[in-house]
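Consider the two complexes below, in which chain A is the common component and chain B and chain C are the respective partners.
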Partner chain A sequence: MEFFSSLLEQMSTAYDLLVAGWGVQLLWGIGWTLAVTTVSMVIGAVLGSLVAAAKLSHLGRLRFLGESYTTVFRGEPELLIIYLFYYGGTQVLTGVARSTGSIGPTDIVNMPSFLGGVLAVGIISGAYQAEVFRGSFLAIHRGELEAARAYGMSAWLRFRLVIMPQVLRLAVPGLGNVWQLTIKDSALISVTGVAELMLTANKAARSTHHSLLFYTVAGILYLVMTSISTPIFDRAERYTSRSFLRPK
Partner chain B sequence: MDYDFYLSTMWSVLKALPLTLEIWFFGIAFGLVIATGLTWLRASGYKSGEYFTRAYVFVFRGSPLLVQLYLIYFGLSQFDFVRHSPILWPILRDPMYCTIVAMALNTAAYESEIFRGALKAVPVGQIEAAKAFGMSAFTRFRIVTLPIALRLALPAYSTEIILMTKATALASVVTIMEMMGTAQKIQHDTFRPIEVLTCAGVIYLLLNLSIARLFAWVEYLLSPHLRPAPDQSQRIKPVPEVL
Partner chain C sequence: MSASLAAAANVEPSPEATPAISVKEMRKCFGDHEVLKGISLEAHKGDVISILGSSGSGKSTLLRCINLLETPDSGEVRVGGELIRMKPGQGGHQTPADIRQVERIRADLAMVFQSFNLWSHMTVLENLVAAPVHVLKRPRAECLEQAEALLKRVGIWERRNYYPPHMSGGQQQRAAIARALAMNPKVMLFDEPTSALDPELVGEVLRVMRSLAEEGRTMLVVTHEMGFARDVSSKVMFLHKGEVDSLGEPKEMFARPPTQQFKQFITNFNK
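What follows is the complex of A and B.
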């Protein structure tokens, strides 16, 4: 009996803490996490396609640049990249502002934490997306590219009509993986002070001393986010490859 | 360029390399043990074992390692039985052990999936041949299934090991002074984050590149049957002209 009453008491405390206290903040945290992940994915898509193009280029120097990009940003700890952009950005901004004399010699211009975090996670995501895009490009049949060339299509037309649609279709499963990875990387942005899910859970845990509750809730919310994205990407895959499915 | 600063930073960060390697090694070693257990549970054919493994993999792959680390380090100490346990408390009180536990549990989820895939990829003909030879289940596993599966698992496993090297940096958020923690401290003391983090980055990159090299070498050693046959014409010794 005692066990049940203490359990009931704990559950009501948890309810109070979540619904009356930190629930709304945690929901905002989810919103910020999704915002960080989405913006990072977009930055990563732009960088990733450029890097993939560089890695596939016939110019040795461009290939080397692309290789170095993916090696460095997949080989470094994510935390280091995030610190580099956040604190390094602060260092650069402060240096520039001090040299132009717009702030005093002891003042500091902080890197906006959202910008720094999103750039860092976007660049990491770009390295993984570059590999996905490169793989999809290599999966296109050579014959189609040759046929396009034989038709006298310009490079741009070839890209727009033959390469891009197929790369996008073939890249969907890989992009799903990168999206999951980016959601998990976005938790590291909490160290720079973006009020995403991890930082909110952290604050809640520290101020209420209920760390078990809040970290469990955060973990469950991350699981919900990652498991919701799986069927969405499956659907996208079915949709983009609908012309390749066997007729029923 | 301030070479002295770079050199001294490089040296201070390098001095923390043994600690990083310690977390890395024990995380991987315990992870391998747990992963082996999970793979065995999954392959054992019991429904409950399969459900447990699936749930385990889902939880540990679906949430960030940082959450798992915080949950183990800050969260578990809320249980009274943990605080009063003579075995659990010395482990969960220490941030170092907590990092190792979190990393081991996390990597075990990924590794068990790698091993499962590798076991499934062993050609069925090989197993049938071993059965036809009258091998017992254990012998079959020891000399046919396991060697082939290990060889197949190696590329994915090396990727996972590199992810683990990157994950050791998370130990710095629970106050461990490994390479990342040391770099953080120097950076706060000197306010020169770009230089300091570049130094740490170079070390991490070299570390990961050498791990990748090492695995590529092991892979080369384990796959002599996949290499092109050596050029036979080179093998024949020229007949000495003077006999």
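What follows is the complex of A and C.
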């Protein structure tokens, strides 16, 4: 009896803490996590396609640059890159501002936390996306590229009409993986003070001393986000590869 | 196809007429191996030239050097009298001087490939309008109308909204021929168009090619189809080890092979 009443009590405390107390902030946290992930994915897509193009180039120097990019940013701990961008960025901005005399000698210009965070996570995401795009490009049937040349298409037309649609089609499953990685990486930018889900859960846990509750809830929310993305990418894959599936 | 059209295709052009395509002294090496050893070739409007040869004789390379899918090491290509300008490039090899010119000329030389090479993410209809709309800058509606007519002609109009991987090889190759026709090309290049097909599908593709020959299209056809070479083409060119071994009237060539090499080649084929 005592056990049940204590359980009930705990449940009502949890209810109070989540719904009345931190619920709205946790929802905001989810919003920020998705925002950080989306913006990082976009930054990563731009960088990733450039790096993939460099790695596929026939110019040795460009290939070297591309290789170095993916080696470095896949080989370093994510947290280190984030520190480098956030604290390193702050140091650079402060240095520049001080040397131009626009701030006093003891003032500091902070790296904007959202910007520093998405740049760092975007650059890491770009390294993984570059591999995905490169693999997709190599999977395009060579003859189709040759046909595009034989029909007088310029490099730009070949890219727009033949390469890009096929790379996107082939890249969808791989991008689904990168999206999951990027959601998880976004938790690391809590160190820069962006109020995404991880930081919110952290704050809630510390101020209420209910670590178990809040980290479990945050864990469930991350799992929901990553698992919802699986069927969405599956559906996208079915759509983009419709020319290869049996017709209905 | 009407008899008058077929007859018109066989009329000898006047000597001063500009050839639709002319190749002079074309050479091409892959590494140490010289694949083309100074090949010359002329096709006038309405000519159907079958290019024969055993594998490794350089026949596909010749075709691919004409539209610059491969860059010839030396030699001249003229299309409708216009010289494709080349310039010296890296390592003593030449490269096209003006890629725009090459792209413009390629659009006049529609190619049909052994493995069809239709764009697999586009429907058949989209395959037919992509280059006319984007390369030739013709109005989309007009291109669609022409594309549907061409698909009716090659007998796969019902498949116009299919994606290429959903069709048989014969249907894909007929779609590819329709894609070539949609460019209103000056010359059509066929690179072993029936070699990748199951034997029972070869006939449907050959029938389409025969009808093109009969309406007076200018065609260069790299092929192993002896029947097509003998009965449909206006000239047969036999390549052996990168050189023109023999060239002539198909009936004549097959009745009295001019060289030992060609004789052996057709005997091996009839075995």
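The rule is short, and it goes like this: the second predicted complex is superposed on the first by the 247 of 248 C-alpha atoms of A that agree within 3 Å, B and C clash if a C-alpha of one lies under 4 Å from a C-alpha of the other, contacts with A are read in each partner's own complex, and residues count from 1 in each chain.
As a convention for this text, a residue touches a chain if its C-beta (ideal position, glycine included) is under 8 Å from a C-beta of that chain, and two chains touch if they have at least 3 such contacts.
Predicted, not measured: the structure shown is a model, and the values here were computed from it.
In the superposed pair of complexes, A:R235 makes contact with neither chain B nor chain C. Of the two partner chains placed by superposition, only chain B is touched by A:L212; chain C is not. Counting the residues of chain A touched by each of chain B and chain C gives the higher count for B.
Of the two partner chains placed around the shared chain by superposition, chain B is the only one that A:P77 touches, whereas chain C remains out of contact.
In the superposition on chain A, A:M153 contacts chain C only, with no contact to chain B.
Common to the chain B-facing and chain C-facing surfaces of chain A is no residue whatsoever. Within the complex, the chain A residues that touch chain C are 141, 143-144, 146-154, 157, 161-162, 165-166, 169, 242-244, 246-247.
Residues of chain A that touch chain B in their complex: 71-72, 75-80, 83-84, 87-88, 90-92, 180, 183-185, 187-188, 190-191, 198, 201-202, 205, 210-212, 215-216, 218-219, 222-223, 226-227. Interface residues of chain B facing chain A in the complex, by the touch rule stated above, are 58-59, 62-68, 70-71, 74-76, 78-79, 162, 165-170, 172-173, 180, 183-184, 187, 191-194, 197-198, 200-201, 204-205, 208-209. If you check the complex, the residues on chain C that touch chain A are 67, 69, 99-100, 103-107, 109-111, 113, 115-123, 130-131, 134-136, 162-166, 179, 183.
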